[in-house]
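Contents: one structure, followed by commentary.
Note that the chains are named A, B and C in the order they appear, and that numbering of residues resets to 1 at the start of each chain.
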Amino acid sequence: MQYKTNRLSSVIEWGTLLSTTLIVCFFLFVIIWEIVSKGVSSLSLEFVSKVPSAGMTKGGILTPIIGTVLLTLITALFAIPFGVCCAIYLNEYAENNWLTRTIRASIRNLSGVPSIIYGLFGLALFVQALQFGTSLIAAGLTLGLLSLPYIITTTEEALKRIPNSTREAALAVGATKFETIKDVVLPSAMSGILTGVVLTLSRAAGETAPILFTGAAFYINGTTGYLNQEFMALPYHLYMLSTQHQSIDQVRPIAYGTALVLVIVVFLLNLTAFYIRYKYRKNEN
Amino acid sequence: MKTKLSAENLNISFGEKQVLKNISVAFAEHEITALIGPSGCGKSTLLRSFNRMHDLSPDAKINGTLSLEDLDLNSKHVPVTEIRKRIGMVFQKANPFPKSIYDNIAYGLKINNLPCNKEVVQKALEEAYLWDEVKNDLKMPATRLSGGQQQRLCIARAVALRPEVILMDEPCSALDPVSTLKIEDLIKHLKKKYTIVIVTHNMQQAQRIADKTVFMYLGEVKEEGTTDEIFNHPKNEMTANYISGYFG
Amino acid sequence: MRYKTRISIDILFKGVFKTTGFLVLALLGGIFAMLVYNSISFFLDIKPLDFITGMEWAPTAKTPKYGMLPLIISTTFVTFGAMIIAIPLGIGTAAFISEYAGSRLKNILKPAIEMLAAIPSVVIGFLGIVVLSPGIANIADLPNGLNALNGAILLAIMALPTIITVAEDAIHAVPNAYKEASYGVGATKWQTLRKVIIPAAAPGIIAAVMLGVGRAIGETMTVLMATGNAALIPTGMFDSVKTMTATIAIEMGEVPYQTTHYYALYAIATVLFFMTLFANLVGEFFINRFRKYHAV
C-alpha cells in the first residue's frame, strides 16, 4: 500500500518536472514555428537581394542585411582585439591584487549593465563627445563596448584551460613571455576563443536597444556602407516594421520575413560556435 | 671532473614558505646526476631554479648563487632567454607545441636566431632516437604522437638548441615501462655531449642511469655522492631509510 | 631578431595588454560618470525626492512632470510577473535536466535552452505583438493585448535561459555523496530532490533568480514593443505599462539634447543602473557563497 502510493507520487512528481520542461520547450517551438511558418513565404532570393521600395511595403531587405553585416564587422574589429588583449593581461600577467580584483569586478558589472544604457553611453561618447554623429561607426563601437565583457570572459576561460606546462615548454627553449603567448598559448586556445567570439557576435547582431540612438535609421535610400552615415539594420528594421510603420498590416509579411532572416543569421552563427566547440572537444580527447 | 653547474647557499621561498634551505651542490660535466627524495622535498624547485623558471611566480624569493661555469645565473644582467638556450629542460608531462613535428624542433631555433633547416632538425630528431619513426610525417601535428614519442620529441626540441646542460623533471613518470627504457637509454647516450640533471621518484631508475645521486629531504641536501655510494653505502640514516623504502 | 628587439617587443606588448585592462576600468568609470554627470544636471532642476516619488510622468506637458514612480512600479510589476512565471518553470526545468533527464535527452535540452537564449529580444517582442497580444485580447475580451501580462510572459521567456543554466549548474554541483546519503536512508528521488538537493543548491538557485531579475529589469525591446507604454501606475495585469527602459528608448529619440527632459532620461538610466547592479551583486554574492560550500 505504502509502496504503491510512493510509486504513484513519484510518477506525479516526475510528470510535474517534465511538464515544466515541456512548457519551456513549447515556448521555443512556438517562437520558431510562428517565425518559420509565416516567414518562409516571404523568403526568396529577391527578398534578400533587393532594397526596400515603395515606402518599404515592397522589395527586399538587402539594405538592412548589409547594415547588420557591416555593423557586426565593426563590432568584431573593435571588440575582439581589445577583449582578447584584456583577457591576456588578466590571465597571463596580472597579479592577484586589489587592482586586478577591481578590474574583474568591473567586467562582471559591465556584463550586467542593460543594453539601453550602453546605447546612452554610445550616444554621449561617440555621437556627441567624439562628434561621429549618428552613424555606422558610432553604433558599431557601441555594440563593441557591449560585447567586450563577454569576449573577455570567454577568452579568459579559454586561456585558463591551457596548462602551465604548455607555457613552460616555450619558455624553456628561450621564448620571451610575449613570444610564448603569441606562438603557443593563443594558438592552443584558439578554438575556445573563437567559440566565445562567434557567440558574442551573434548576440551583438541581434541587439536593437544600443543602436536606437546611435545610428540606426528608419529608411535609407539605396544601400548602406558609409562609416559616417546612418544605416539600416535587421533588428531595427523588424522593430520599425512591427510598431512604427504607417501601414503595419500591409508590411507584416515583410516583418515576418525579416524576423526569419534575423533568426537564421543568429542560429547559423550559434551553430558555427557549437561546431567549433564540438571539434575542439573531440580533439582534446 | 670539472664542475659545470652549481648552487651555493641557495635559499628559495614562496611567500612565507621556505622551500629550499641553504643548498650547496655541484654537478659535474658530462655526468648524469639524479635528484631523489620524497615528494615536496624541493628537488623540482632546485632543478627549476637553474633555468630561472621561478621568474614566472612573482612571490618567489631567491637568495644565493647559481652558476653555469662562470656565468651568474641569478644576475639580472644575464638575459634569461640566453640562460634557457644554454640550459635546456624536459618536463614531467610531455608538452609539445600545438604545431607540426618539424615546427616543434624549428621553433626554438628560429626564435634564438640559430640556423634552421632540415638537416638541423633531422640531427636533433636522430639524437633523440625519434627520426626513424617520424621521418615521413614531419608535417603531422605533434599531439598525434604517442606519449613516449612526444617525450622524445621534447628531448629533441631541447637538444636542437645545442645546450650545455639538460634538466629533466621526472621525464618518465607518465610513461609505460617500454617507453621509459627507451628514454633511459637515450639519456645515457646523451651524457657524452651534455651535462644532465634528472629529478626522479624512481630509485631503480636513478641506479640504472645516474653517475651521481643527491638525496634531498625537506628542502635540504642530506647526502650526495656516487650512485653506488648512496644506494649501497649510505652514510646518512635518513638516506638509508628512504632508499630502503621506509618512507617517501 | 636581435635579443634587444625581442625584449623591447615583449615589454611593449606587456604595456599594451595592461592598458586594455585599465581601459575596461575606464569604460565602467565612463558609464558611471556619464550617468552621474547628466543626472546632476537634471537634479539641478528637479528635486531628487520629487523625481523618485512623483506620481506623474508627463515631461511633454505644459507644466512638465518628472515623477518616475509609475515607471519604477511598471518595471517592478512586469519583472515580478515575469518571475512568477519563470521561477517555477526555470527551477523545474533545471531539476529535470540535472536529475531526471538521461544523457541523450540532456544533449537535446541543453542546446534547446541555448537556442532560446540566442533569439534576439526584438523577435520575441515581435511575437508579443503578433501572437500573444491577440491571444490575450481574445481571452480577456480587451481591445488589444499590449499590457503588463504580455510583457511579463515575454520577459519570463527572456529570463528563462539564464535561470535554467545557472540553477542547473548549481543543482549539478551538489556532491553525489549528499544524494547517496539520502537514498541510503530510504528517501525517494523526489524527497531527495526537495529535502537535500534543492536546499544544498539554494544559494545557486537564488543567484539564478537574481541574475534573471537583473536581465528582466534591463530588458528593453520586448517591453517596449509589448506593454502598450502608458505611463500610469498599473492596477492589474491587463493594464498597459511603461517601464524605465521603454521610456528611455521611446523618448531619447525625440528630445532635444541638453534639455531637462533629456537629462531626466539619464536620471532614469541611473536608477536603472543601480537596480540591475543591485540584482547582479546579490546574485554574485550567492554564487560566491555557493562556490565556497561546494568547491569542485
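Following the convention adopted for this analysis, a residue touches a chain if its C-beta (ideal position, glycine included) is under 8 Å from a C-beta of that chain, and two chains touch if they have at least 3 such contacts.
Chain identities (UniProt): A = Phosphate transport system permease protein PstA; B = Phosphate ABC transporter ATP-binding protein; C = Phosphate transport system permease protein.
Treat the numbers as computed from the prediction; the structure is a model and nothing was measured.
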### Task
With contacts defined as at the top, give the pair, A-B or B-C, that has more of them.
A-B
### Task
Taking CA centroids for every chain, report which one is farthest away from chain C.
B
### Query
Which chain is the middle one, judged by CA centres?
A
### Query
What whole-Å value do you get for the distance between chain A and chain C if each is reduced to the mean of its CA atoms?
17
### Query
Which integer distance in Å separates the CA centroid of chain A from that of chain B?
47
### Chain centre separation in whole Å, for chain C relative to chain B (CA means)
54
### Task
Would you mind listing the residues of chain B that make contact with two or more other chains?
81-82, 111
#### Entry: Set of chain A residues in contact with two or more other chains
176, 179
### Query
Got the chain C residues that touch at least 2 other chains?
6-7
### Message
Quick check on the complex: what are the chain A residues that touch chain C?
### Response
6, 9-10, 13-14, 16-21, 23-25, 27-28, 30-31, 34-35, 82, 85-86, 88-90, 92-94, 100, 102-103, 106-110, 112-121, 123-125, 128, 145, 148-149, 152, 176-179, 181, 202-203, 205-209, 212-213, 235-236, 238-239, 242-243, 252, 255, 259, 262-263, 266-267, 270, 274
### Task
Could you pull out which chain C residues touch chain A in their complex?
6-7, 9-10, 13-14, 16-18, 20-25, 27-28, 30-31, 34-35, 38, 88-93, 95-97, 99-101, 109, 111-116, 118-127, 129-131, 157, 160, 164, 188-190, 211, 214, 217-221, 224-225, 245, 248-249, 252-253, 257, 265-266, 269, 272-273, 276-277, 279-280, 284
### Query
Okay, in this complex, where on chain B does chain C touch?
79, 81-82, 111, 113
## Note on the structure
Given the complex, residues on chain A that touch chain B span 95, 163, 165-176, 179, 183-184, 187-188
### Task
Would you pull the chain C residues touching chain B in the complex into a rising list?
1-3, 6-7
